[in-house]
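Shared between the two complexes below is subunit A, which pairs with subunit B and subunit C, respectively.
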Partner chain A sequence: MGDVPPRRGVRVVRPALAVVLFLLPLLASAQPQRLTFQVQPGGVVAAVLPASILSDTDVRKQLSSGLTATFVVAARNRVTQDLSGARIEIRYDLWDEVWLVRKIEFDRKQEQQRIASFEALEKWWKTPLRLLATGAPRAPLQIDLTVLPFSAAEREDARQWISKSGGVGTAGGGTGLVDALIGTTIAAKPIMSYRWSVELSLK
Partner chain B sequence: MTRILLTAVIAAVLTLSAAAQDPVEPKFFIERVEVRNAKRVSPDVVIYESRLREGNEYTEADLSDAAARLNRLPFLLSAEFSLDKGVERGQYVLVISIKETRPFFFVIDARPILSSNNNIVDLDYTDRLGGADNNAALGFRWFVGRRGMTHLGLITRDDNREYTRDYSALVAGYTQYDIFGTRAFATINLKRPIGGVSTAVVSPQVVAGIPVSPNQTVTVTYDETRFGSPDEVDAFGTMVEERDEERLVSARWSYNTTNDPFVPTTGTLFSVTPVVAWRDIADYNYYGVAGGPNVPPVVRVDAYSLHMNSRGVDLSAAHWYELNERDSVVGGVEGGWADVIVRSNNLRHLASYDSTYWVVHGGYSHSLWDRNRQKHGDSRLEATLRYTNRNGGERRQFFSYQQDVIQASASWVRRSSWGTFRLGAGYAW
Partner chain C sequence: MRRAPSLLAVLITIAAATLLFWIFLHEVSSMWLDVALRPEVRQSLERSMEDQRTLRRLDPQRRAGYRQRFDENQKLLNRIEVIRMSREAMLRRFELSLLALFVVAATSASVMLWFRYRRAQERERREYLERMGSLQETARRHAHEIKGPLTAARLELERYADLVRGNASESELAHAAESVSEELERLARYTREFSSFAGVGKPALRRESLGEIVEQFCVTFTNAWPGVELRDGGLDAIVCVDRDMLRQVLVNLCSNAAGAGAKTVALTIVKNSGRVTLDVRDNGTGVPEHLRPRIFDPYVTTRKIGEGMGLGLSIARKVMLDHGGDLQLAESSSAGTTFQVTFGGEAC
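Take a look at the complex of A and B:
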């Protein structure tokens, strides 16, 4: 057109100026706290979560917000890559002044309670959380605990996506859902995350 | 990656099982919304932008969406939600605790790109969030009254469209929120292009936005830019018109679930933007013949004008994945098409051509800060790879062009209460 305006955006500079120090990523995770396990009948592995998690400043802040704090525990066998887990939701009812808790374990067993005090909540927190069942004599596990604000997993969009995928028959069968679920069920930024690597002997 | 995938799958699986047995999801009757820590930002604007209304019931999912929307506002660094007891049993006060940015703001992308032959590569790189039109902005913003905000600053427009002109401009504007109680907003800007446009004059821009849901916004824009004055100028004794004007009307629909307006690490962004543009250019060519000792020089001045009518559409899609609390990856595509008709004086048809572009990009970023510190901004290392294809051609084959460029860049990006700054370099093939 004979009227081409100067375009912006790309500029050429001397190569010597292009040296950019780019640090290699350093994977980081919160300092793991002690996690203990129980082996129950039927090869069920249950974990006792550290009580110190409830005392963490940010977790405590969410717990006292009157809104739900969601704790998602993912257990993955490092050899077979089998995936299982459990979820805990805790909300303080401001009017009734009770803690409303819900625990959903690996086999979909659900437990709901109203707990009268924080001390009782800490005691309930220490009850073993059933994560998986296995017949193997050894279980090399990677356990991830993520603390989320809000009851994010209750979202309708998550339900719809699961429904579209045909549902998930077992707790270990969720890998096909990965693409559809990324960034949706976990829309809220996690408050804290923890990771443990353990090698369990079930004999 | 592993952690987020595991968490997502477990949460989803257990959601499904819980959903079947779950009683009705709790709802909270919000009798009042209270914004805390607001120093310069109008609390009412925060409430309007949350799309929440006092006297309504909301689920936690509603509140979560509202929190995400507030965290995408450029004048907030963070917004946290909590509940207090209301006046009556079963009612609540929603407390939104915010951390503001400063009234002075800047968004600066300083990434010089090297080329293999040391030539300037005629390539735009709008790889900011959503292929936004601006790659640099700085200025001040003040909140005025309960619903208003004024701003004064410098912006640049740098888009992938072949039929629009890129420029920098000084801008003064005003934004009114919650128009007619609808949660819609409108901005009126007056801008004057600067840099290489000595005769530019002030021109208007009007932007109206309607948040149709917490994650979806429709934005309608009328943007007029006058690069040259319409006044006649003296060209070797002949008065001629010298003007360059551009008018754009666009409507943008966007779906945005990202967690940050400038440095997102999670979420999805889709946008579709139909555009109609008109550009009018009036200028002149001159031809001179040197005179002799007794012969005066001869200068011939030919004035001309061009009118370009363009219709196009731009598309953008990107998804950010958090691998863990520090690492994130992004992948996306952008594309655009336009039909351009060029006419001369007397509206005589000169040429018609198509202009298209498409971009595929991916990137990785690593935060130098832990999750707690990220509440006050971010400091990240980024690496991006970008492939751009642009082409177009006149339908009668008078001319055509094609461009394929691969561009890699590495940068450090810092978001603070002052603004966002990218510093780095890249290479283009």
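Take a look at the complex of A and C:
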């Protein structure tokens, strides 16, 4: 199988929708995000995420913040609506100045690595990410990639911290007024998202 | 009469108040969050982390300590960064929550105020009708009190004229003239009663023994109201009082008690925290409940028309207020009534 260009790619960028709509054709032509697929033994479909995502300015900025950037890939069969997916977590350790990466694939297989440089990270990024397994000869898929700025653990830590700061939360940051008003609004809003629709032939 | 505000006016007021509150809230709500998210805070933490990294190279033996401090700073930095990225959602929730609370509170307050207006309006209407009823009753009493002697006097005058025309004897003429005079005297007494109400003078206060006044009153008026026994409580206190006026007050109270069918009237001096009161308690039928709030108003009485104008208690209270004290209905039931006479003090 060769490269499969995205049939429909949507890049959500703020601030102004009008500006985005105006620039969308330019962006699309300048940064063609292409997904590359592999079919592995057992009908496992793996995808290689476009390198342009990792080198995107917003993503690079977030990666170097010290927070854990999370790349959530959801693969939905457009016919059967079966959902599968994988996740990549990347955190830059500011002390040791290394990239800590964790990959969790569709079958919950995990891989953790310490990567010394961004160049090495880019190389690692090109390793296929196993998304799903299917026995069907054809797989009409909708692939969604969402980049979240921080992890659930980091969100929970901030929520507990602000609850305690409010002075009315419980010691565990549980059910205080501040927690009810403010804490629950802390959410990892995606910094960007992509969507591809592909028709894979697995023969 | 006060008017209850219309629903539209209430809604407009709530909307205006909510708008003002929201503008205020929107202006100030982000301040507390922005303090924590100020760029200087972030820059300071980043510099501190950079310092720890530099120190680990210069002082490798204390690397663990630097690492610990570095991690603490980074944790704080991460929290601030997470909050910064959630800032808009947090502020939106905060503002909406407080706004909702404000709307609920404003609506509740408006509903309460509206009900208070309605209640006040209803009370005002009821009081007006009561006043009108009272005035009508007073007019009836006045008419009756004047009409009786006038009719009698007119008839006596007609009889006098007949006697003159019939060459009646001098004694018959004198008798008829005396009857006319009696009826006119009734009218004069009636007007004197009003004169006494209108002309209640200022009391000439003197330090007096209240016990002595009460004792003397009980002796003097022991047969004033047949079937009513006056009981002296026996205690004493010095008060500033106009003896004659106080006696008039006690006469009014005892007269009312007798009218209510009392068999005994006990006059008891009570001292409480330096305050002297005289409790006048009878075992009559009590004051009807609906009259109690207005018992000291002029022309309020339980007596039938022609038996009194209902001025006694209002005069009595006016007298005691002029003393610097008061006259209050302490309690009343079917077992009796207690009036409490209070005094201004010992200094005159």
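Quick notes
Keep in mind that, in the parts below, the second predicted complex is superposed on the first by the 137 of 203 C-alpha atoms of A that agree within 3 Å, B and C clash if a C-alpha of one lies under 4 Å from a C-alpha of the other, contacts with A are read in each partner's own complex, and residues count from 1 in each chain.
What we mean here is this: contacts are C-beta pairs under 8 Å (C-beta built on N, C-alpha and C of every residue); 3 or more make two chains touch, one makes a residue touch a chain.
Keep in mind that what you see is a predicted model, and the values were worked out from it rather than measured.
Of the two partner chains, both subunit B and subunit C are touched by A:67. Once chain A of one complex is fitted onto chain A of the other, the partner contacts of A:149 extend to both subunit B and subunit C. Judged by the touch definition given at the top, the superposed model places A:85 against subunit B, while subunit C stays out of reach. In the superposition on chain A, A:98 contacts neither subunit B nor subunit C. Once the two complexes are laid over each other on the shared chain, residue contacts for A:110 go to subunit B alone; subunit C is not touched. By the document's definition of touching, neither partner reaches A:51: not subunit B, not subunit C. Contacts of A:193 after superposition: subunit B is touched, whereas subunit C is not reached.
Of the two partners subunit B and subunit C, more subunit A residues are in touch with B. Taken together, the two complexes place residues 65-67, 94-95, 149-150, 154-155, 158, 161-162, 181-182, 184-189 of subunit A in contact with subunit B and also with subunit C.
Subunit C makes touch with subunit A in their complex at residues 49, 53, 67, 70-71, 74-75, 77-79, 81-83, 85-86, 89-90, 92-94, 97. Interface residues of subunit A facing subunit C in the complex, by the touch rule stated above, are 65-67, 94-95, 149-150, 154-155, 157-158, 161-162, 181-182, 184-189.
The touching residues of subunit A, when paired with subunit B in their complex, are 1, 3, 5-13, 15, 17-20, 22-23, 25-30, 58, 64-68, 70, 72-74, 76, 83-87, 91, 94-95, 102, 104, 108, 110, 142, 144, 146, 148-156, 158-159, 161-162, 167-168, 171, 174-175, 177-178, 181-193, 195.
Contact residues on subunit B toward subunit A in their complex (touch as defined above): 2-19, 21-22, 25-26, 59-61, 63-64, 67-68, 80-85, 89-90, 92, 112-115, 118-126, 135, 156, 158, 165-167, 196, 244, 257, 259, 266-268, 281, 283, 306, 308, 319-322, 324-327, 342, 364, 366, 370-372, 381, 383, 407, 410-411, 424-425, 427-428.
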